[in-house]
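Below you'll find the structures, each written out as structure tokens.
Below, subunit A partners subunit B and then partners subunit C, in two separate complexes.
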Partner chain A sequence: MATITDQGTAKVGAQVGRSVPRLEGRDKVTGRAEYTHTMRLSGMLHVKLFRSTVAHGRIKSVDTSAAKKLPGVAHVVTIEDVRKVIPDPYYGPAFHDQPILADGKVRFVGEPVAAVLAADPHVAEQAAQLIVAEYEELPAVYDEVEALTSKVHVHDVLKPAGTFADLKHLKDAKGTNLALDYRLRRGDVDKAFASAAHVFEHEFRTQKVLHLSFEPHATIADYKDSGVTLHTASQGPSFVRTEIARLLGWPENKVRIKVPYLGSGYGSKLYIKLEALALALSMIARLPVKVALTMEEMFYQITKHPSTFRIKSGVDKDGKIIARKCEVYWNGGAYADIGPRVTQKSGLTASGPYDIDNVWIDSYALYTNMTPAGALRGFGVPQLVWAYESHTDMIARALKIDAVEFRRKNLLREGRPHPTGTVLKDAAIEKVLDRLVERINWKQPMDRGTGVVRRGRGLGIAIKAVISPTTSVAIVNVSADGSVALYCGTIDMGQGSDTAMAQMVGEVLNMPAESVRVVQRDTDVTPYDMGTLGSRSLFHMGHAVRRAAEDAQEKLKALACEVGEPEGSNIPIPALFVKKYGMQAGNVIGTGIYKPDYVPPAPGTGLSSNVTPFWMISGAGAEVEVDTETGHIKIAKLISVLDIGKSINPKIVETQISGAALMQLGFTMFEKMHLDGGQVTNASLADYKIPGFHDVPTAMENLTVDVTQSNGPFGAKGVGEVSTFCVSPAIANAIDDAVGVRLMELPLNPESVLRALRVKAGKPLGDE
Partner chain B sequence: MTARTIHFTLNGAPVTADIKPHHNLVELLQTHFGLTGARESCGQGLCGCCTVLVDGRAVSGCLFLAVRIDGTEVVTIEGLDAGGKLNPMQEAFVETGAFQCGYCTPGFILMANQLLDAHPDPDDDQIRHYLSGNLCRCAAYPQIIDAVKLAAKKRKTIAA
Partner chain C sequence: MIPFELAEPKSLTEAIKLLAPDDAMVRPIAGGTALMLMMKAGVFHPTRLVSLGKIEKKYSGIAAGKDGLRIGAMTTLSALEQSLDMKKLAPVITRTLRTLSNVRVRNVATVGGALAHADPHMDLPPVLIALGASMSIAGPSGERELAVEDLFTGYYETVLQKNELIAEVRVPSQDGTRAAYMKVTTGSADDWPALGVAVALQSDGNAVKSARVVVSAATSKAMRLPGAEAALAGQRIDDKILARAGEAAANEADFIADVRGSVSYKRELLRVYIGRAVRAALESGAH
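Take a look at the complex of A and B:
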């Protein structure tokens, strides 16, 4: 049998490193894979929500009488009804700030105010349109920078959930929209700025965009007094169970969360979304209740954080960055969701993959009167990289230093402390840059064009810390016929985790990955996992799975010894069970738990000697063609180069890299939620465009560097988000290279480019 | 609203359903026949997740009223692996890894089959153009092009 050390030292084995086709492939191509959104339970009621039309207001009245009279309507529910079954109906991972239905106030357009239940969803929809609400409108705050000092306060009192130590000081805070302020203080930035030969200061902004997973959010709750079962499209069933148990005042073992495949998530289905509402409605109806959103409604569920990043760098006469000050404002919307963690976990890398002695970071999570914001494929890091890699290029350009040389001069190298104080290890920043430079032919001159169409190229590099500290638990069950099942809570939402985990089991137990059964997620049987997020699963759950398989292997060995087999016996597993139990009977259960070491950032300074168990390193390069008459941009080439350690499944890794890069291409080039008085004016796929076939760059390269993550399972680490990081600045830098204009706000659409070109030519366009 | 009875062929078998005039094809398939391979996502006929073949032509099931199905032949993704054997396009999607979450995959497979019926040996531009009405949020587009080309080869081998 295969053996590995506890550190999971990389070895080339029969299963790991093989492009095993996805285990669930057949179910997906035959349309038989199960998703919550298309599930039905017998006797189930459907729900339609009546939503707020104002961004901020006191609810004066909600008239549900006409809706209740419509034939076929089972219940019309407001917060008063919810309170009768759940006395304290507030939920959330960081703050218990979100009511199951609006409670006295509405805080964003689209907030659920009332719910209609009916056996026929069309009846529920018709009835929802008969509800009338009156509001006393209040002034609203939308901008994240204004929110810090605004007299408008989204919440009267802040209610931290108690889960996170760095939020405790905000308990009962009043008169503020600040849901977290993360600070990092290293060295003395003011002194360094005073001694710098050059100081550069810029402000970058990102827009509000949507995950838009094709399976909209959906939850079915089936409440009984003896226990509750939720079928839900969730990236974190363990958290859902904890939170539902808390709302009910029940032990966790009475709460069962089942998750089939997800029609993707990208961070939108993390923590708790529709589950609390579905629970309350099922308690009221005493029947199974399904809450399933339409695509339009997803625009009122969760989005990415818009951001403003003020970045200032001091550079000495030799081109060395000696000081960097970062002020990042995160627009968290009306409810905190996981925004405070985005603010902290990404905030600590806001100064980039550079070796800078004096760093000051302030990262602010802010409440505003918009749809809540949470994690989206990068946990805030793409917003940061957009700013710091644009800024880095602007400095190089101003100092007339080659953009790659300037980066090389300042790169954070292996063994050097990151600004948090954590010493850099297994972070192949230089290798990534080298490969990028080679693939984009940086050293060769390029044809820049002479006529209307001009060409340019640009690149960016980035670093991310993984969300810490987090725990994963796995079980490997060897049946008496020798077949193996894996129980792990990682949700396969398309990233291929089931296949990768099965490969790790197969590697340890010396069997084909295809023969390992990955049990569907069900908290009654699958053990705890913190969540499928932040590219943590392959590393954390990977270790737990590896340990569970090793534990099973050890127990099989012990069993062989017990039944009198000689040392090193290769008795087939079925024969081993027969020898023990006299027939095909019994199980061997291996368990594995993984939680990495971690030192939390010190309050006030944000410093930590061990802030992350691994670093994600990313680079992107782009070649663009800009039409100077229309502002139209064509992406001729998009190159991603990543350090992801060893690949467990190279084919799946490649699709993750290209998929994430293309998603970020949409966020970079055109995706934007348009808002007018807090109202989303393009809440549909007709008006909110996402990348299609014609948006794929003419050439794409999806590459990894040949390295090993020494503390990773089989030398691997996560990949799901990593190629999103650098796409935006690489393209903005390429546009500047092509036509000499610098865009400071996403998206980089033709209008922005044309406006910038006309400003540069001294002939600015008028307003819209 | 009054129910009415429709008769049609579903994946080769004659069937009957009592429907209401406002029901669409996706609801018909899901509620009456438990077929969930055609699924509503955008609800506007723009994403292709609800693609169904009606009399051999791909339609958006979310916009297609169920009453119009009366007397037609309907083929859904579930009809492609008759007898447990995957269609060449399905095989090609698995082998090239042309999907991630799989939600849009049935629609792509049905549309890509229609593409190969019309153009047995498409180039990249033809594939892009023909499939541009289907969207994949996981953006498996490069792999989908590989899958369609592989399926074209498989079909030729079968035909030969």
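Take a look at the complex of A and C:
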């Protein structure tokens, strides 16, 4: 087993640290890259889904007779048909709670109830509209705080999957919507609150938003009795294989998962999504079957967690935070998906990047009657930072301490224990704050604006632990002509991982990254990887790739020795193979495995001496202009500063930082799924808007601090999510700075701002 | 999409014959930017679409005369955006088109479609109403004239019969008119507006002789605001007059709430934007 003290022998050189243009870029911009959504197999049937129109109800009947009669319809499938091929048709990463099609009950508007298969997708669509279902409507629960004590229960019995130790106690639990309660207990918060000079308590909320990857979810299943192949837009083919094998009761080697490039994912394509349904339908049809969602249907697949965060801090007379109590409610929707892991893995950093002796964290994963929620670029951390960095600013303001000064007084510093008990290492919180203060000119007075436009600035800092413990495996194959292929399961979904991994191989084997072939993901070919998620890949897979390349290097050296080359020989690789095999023949295969050391949080206290192999550190600063007559906010400047260790590819790092910050800007300023009785009323891109070019801040800076992650591959660590963390509180803090109003709920849209301004002025807007 | 008949007549007369006065499943299609979305969303299943793409070329042209501009209904929005005649006659239209949806939509969407679709969020109708534009409407029994302000009856509703087509739009001469259109979004910058305000003023410096004021997007249809117009007419513009006009507008417009804002909020927006639009028009210089 690997240990995290192994840092590899390769030095940063010609390949690592170079802004290599994306290897797949040309194929993508010329329309030649392959995607599941546009893929066709011979004889393939298309699927259209009939979805629930009620949020919670017992299914009285599903009448498929008219749909079946429509010419061109091959099959109309309900859960009864699925059960004939998969007797226990429930799936999910944390709980086996999600039926392949609604089973007896529906639990959210949009839940698939029946599937129509036809060679012509338009026929399938027309037939799906002929299906009629009758429901006995049940009371529904939508709010995450209500869900904790509600008499309405989304599931009758909880069914943990068995993969996570901290969920086992929920097996067969009844009469609850609680899918995980993570707790952290450090010191004695009650005693500390009693002795505090000041106590502050606030509640913050976030709204329901979604990933909206450019390529909607798509899976093609091709089932044969000898084995099944799935072509799927997935961020985690290894998990899909395990789950499909479990549903079939088959060994994993009969299940093949192929993943071409992804038109982005952001966490929406993790674990298992359409794959179980596609499998069942292909088993029934005995043909390849494609399930591909429209943009509109993605509103019923997976979203980000809405949340409520009650945060309370005790501060002593010197401005030192001595106690913090965090209660976080995660609105997980109708099926748990990976919500319990979001609850725990982000929950453990809910008290922020601060050195606090007494910390109490309760983090609750809750079922509600809405579209399921999962990971979205930050695994819950953006929701937490929104609350704790707004709260931190409010305390500083109330105590009349400069917001930066207050943070400095309380900062968690290198070598000090994080509230989990894990000692902070390679976490450049102070450097990030310093750079932010410098770039936003914090120490200089700013132009506060005139007339109806008022200006202000704000900032925030954050910490995240990486999802742990997880494993990555890589293979480097050196062919007899000296060319090299890399086999790794990390999915390139636009983040540029293929390029970065090729750079690491090139670095070790001393060849241009552009000459390294990165083999497309195929579980028959590419080895295990836990998943492309949570900014883990560059670190975990990076180590595996580095080790595989170093292993190949060692084997080439051994081969040289074996054929009689002198020590230190620089014989070209093709000549080496010829010397060994008498012709251009043979391979050298290097392998690498990486799994970091880890100590699981202790039950009851959540404490751990080694909870993460690396910390992600993020800061953001914003300058805003507020139109006090309309509430419109203009972002004049948005600065992101990150500790990501060394940059493997600086240009890709920069675009990852700007991309993630802009994505969070949409979630901060206007994105919102509007819900009415569980029905999404703006489920289309006409009414749900994401940022466009005109929403980009006037000035944007995407920066990293100059540090090395001492246990990272070539000094690097993950970047994909990190600049999402602080955008929301930085802007809310800037708005408060500009006009003296505090918004406690996202999004910070113009109406919310104007309403707050009017309340402050004693002239509140009406409720019409 | 369920199969349907696509007719491609060569003349406007032939197109009208192919339409059905009593069948909502037979519709004309011009640029298709709105209709295709409705078909994709499954809310409209045509039995026949009558494409106007191959009718006489004269319906896609812009002609300048001494009494103004005649714009064929099949003129694309980008052709209108790039028309020097249009820019000369009423630069407010050129400016409006720059932020109307996006270039891909403008390249195919047509002037006639932008009116007949009657979505209250569209940018062109309030501006055309403010400028006093009119249309000729062709039907089975010939052509009739109609002011654009009389076209809309409600949300997606017009006075057009199902077998009538807008043939041409006429924008009269705008001598001395100062005009502005304010598009107010509350989501992304390229979202549909939460509010549109168009004003066209006859003025001498700061002194307004007469005003046409139109609200859109926040209401179920683009409509003139006579109270606001009266508050401005014959007045020298200052903050007090603008506040009075804003108040009149806020009181007379019939707001609807949606994902872009509540009624209360849209009322505040209109109150403020009446003044901003008038000031923008005065600063824009005379046409």
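Simple rule for what comes next: the second predicted complex is superposed on the first by the 758 of 768 C-alpha atoms of A that agree within 3 Å, B and C clash if a C-alpha of one lies under 4 Å from a C-alpha of the other, contacts with A are read in each partner's own complex, and residues count from 1 in each chain.
Keep this in mind: contacts are C-beta pairs under 8 Å (C-beta built on N, C-alpha and C of every residue); 3 or more make two chains touch, one makes a residue touch a chain.
No experiment lies behind these values; they were computed from the predicted model shown.
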Figure out whether A:A194 sits in contact with subunit B (first) or subunit C (second), or with both, or with neither. neither
Is the number of subunit A residues in contact higher for subunit B or for subunit C? B
With both complexes overlaid on chain A, does A:G766 touch subunit B (first), subunit C (second), both or neither? second
Counting only touches as set out at the top, which of subunit B and subunit C does A:A558 meet: first, second, both, neither? neither
Which holds for A:G692: it touches subunit B only (first), subunit C only (second), both, or neither? both
Of the two partner chains, subunit B (first) and subunit C (second), which one does A:N749 touch, if any: first, second, both, or neither? second
Check the residue A:V132 against both partner chains and state whether it touches subunit B (first), subunit C (second), both, or neither. neither
Examine A:S684 and indicate which partner it touches, taking first as subunit B and second as subunit C; both and neither are also allowed. both
Partner chain(s) touched by A:H122 [first = subunit B, second = subunit C, both, neither]: both
Using the superposition on chain A described above, determine whether A:I589 touches subunit B (first), subunit C (second), both, or neither. neither
Based on the A-chain superposition described above, do subunit B and subunit C contact any of the same residues on subunit A, and if so which? 122, 294, 296, 684, 686, 690-692, 694
Given the complex with subunit C, which residues does subunit A contribute to the contact? 122, 125-126, 129, 294, 296, 629-630, 666, 670-672, 674, 681-682, 684, 686-687, 689-692, 694-695, 749-751, 754-755, 765-768
Spell out the part of subunit A that touches subunit B in their complex, as residue ranges. 19, 21-22, 24-35, 37-38, 40, 122, 212-216, 261-264, 266, 294-296, 493-496, 651-652, 654-656, 658-659, 662-663, 684-686, 690-694, 696, 700
Interfacial residue positions of subunit B with respect to subunit A in the complex: 22, 30-31, 35-39, 41-44, 46-47, 49, 76-78, 80-81, 86, 90, 93-95, 97, 99-106, 109, 127-129, 131-132, 135-143
Where on subunit C is subunit A touching in the complex? 1-3, 37, 40-42, 184, 186-192, 255, 257, 259, 261-265, 267-269, 272-273
